[in-house]
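Let me give you the structure first, and then I'll get to my questions.
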């Protein structure tokens, strides 16, 4: 029962960034529900809380975080009638990469979940770059231990390595 | 060297569905490149070839394929100046699920790749439903053996099982 | 001075539906600002208040309002850093059509304005259909007299007629 | 009969830029057709031919054309099954502004039409700037005389003036 799962994890939920979103009719598709491709857009909106740590004046163009990978698991149909909540947290902190977890809730149900791997990147040296200490500390406030339900989402052990080796491919 | 990799895999490439897309200026973001969230949209456009197998009159609303999971790996920045090609193929055929592979090419480089797991679903019984034989045969024409580079994308062994157990969660 | 204009029109503003929207980084373009094509999407989100009058259970698929025409005037660049407010009101009520006004405000400035003409449509007879009395009354609460600044937006005198003659073209 | 209208205007049609677009399932909405807000996106894609006149290397970020106004008239439902063609032409050339006409065709029917007013802008002086002579000549190749059907779309006589006075409002 999702309601219960939600309640008993209050501490866990408290450590998450929460973003309320009102689904738009333009985000539905001919199947009558929210189109699948909207969920990555909403998850990206949830990640803007992290951008704000990097740019207090919210100039996102100066945020040198590259998205290396996204994953989304669709759990249930998402409808247009009620607001959704994107919950965002840190799954893992690498040297220069961050593994971000996302959950999408609607009407007390978790309707989707996902992961984004972002890499801190130095556009001048064209290499991944260590996360600044202040930001690392801020991110750690939102680092949540894995629960059974998301264990399978933690990805392959070499994903961060792979992400951190991304640099040479980017112009 | 992506050019070489492309050339030597002609047979492999021939078995893929190919979709040419002209990037739109509205698909860029303030970083100056195509926004990450556009790639799942383009991959979904690549999958429409599969929908056509299910609905010869292209009434996609009657195609009972549910997207259970998507994954995207971003390899390089995607720009707005030249067309891209989405290459789509079958990675694995389950009883009721299909694991679809996607590659995104621009200027002879593979700039992104991804996976989508779709489940054939019976909306009346609210259960996953075996892929019809005719469609299974058609899909097999596009089934490509794994290469080293996408092996890591094949996902966890239980992903199909998980996808096929999706049914009870869908209203 | 937009601030002043805003303040002195409190009564006018009070009669508008207001929709707060947090711009998404994915809604910017390579020019560094919100892409023009996002504004019609936001204005459509502002119109959902009107759909709710037609469908109390918010089943927008049962709302038989056809968009016949939209107009948008872009007044200033829209950035991603601060929330915007869409203000929506009724400009004119025809027999079966509604002319809707939209304003987009950011940081106390009106950055865009627009119009949408919607027609109440009977899908069975394939003709425009008079607005139900109860809805007409509700809409009248939001009917604002024209001000100089939007007079030029009121469109040609025959626009409603044209909109109401739309029906025969729709399958 | 749209087919006939199409045929007899061959010369007119020849002078238009034509952009083929395959509608995406993600561009439909719960009403079962292409969402209204997609049409401005497609029309903007049609305008990229004009950007190319300004930037031969297609660096659209260096194209100093500001969209001042858009209008769209929706004529018929647009479906997802067949390709559409965006036809783009010049309605009027001002000193620094261009009034662009758009038509959207599907299955031999004109399903939407629209207008965009763009202003050539000097970001340094923050003022509208005369269209360069070479570009003016190129645009004139696509200047079409008004026909009865689009006369009503030519807008108010002061629209160009208004558009050209836009400059002081832009930061």
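All chains are identified by letter, namely A, B, C and D, in their written order; residue positions are counted from 1 within each chain.
We take it that contacts are C-beta pairs under 8 Å (C-beta built on N, C-alpha and C of every residue); 3 or more make two chains touch, one makes a residue touch a chain.
What you are looking at is a predicted structure, and each value in this text was computed from that prediction instead of being measured.
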More contacts between chains, A-D or A-B: A-B
Centroid-based (C-alpha) most distant chain relative to chain A: D
Distance between chain centroids, defined by C-alpha means - chain A, chain D (Å): 37
Distance from chain C to chain A - Cα centre to Cα centre, in angstrom: 33
Centre-to-centre distance between chain B and chain A (centres being mean Cα positions), rounded to whole Å: 22
Contacts with two or more other chains, residues of chain B listed in rising order: 25-26, 28, 30-32, 36-37, 41, 44, 60-61, 80
Chain contact graph, described as a line, ring, star, complete graph or other shape: complete
Of all residues in chain D, those that touch chain B in their complex: 19, 22, 24-26, 28, 32, 41, 44-45, 48, 51, 57-61, 80-81
Chain B partner contacts - residues on chain A that touch it in the complex: 30-31, 36-37, 40-41, 44, 60-61, 66-77, 152, 156, 158, 162, 166, 169-171
Residue numbers on chain B that touch chain C, as the complex places them: 25-26, 28-33, 35-37, 80
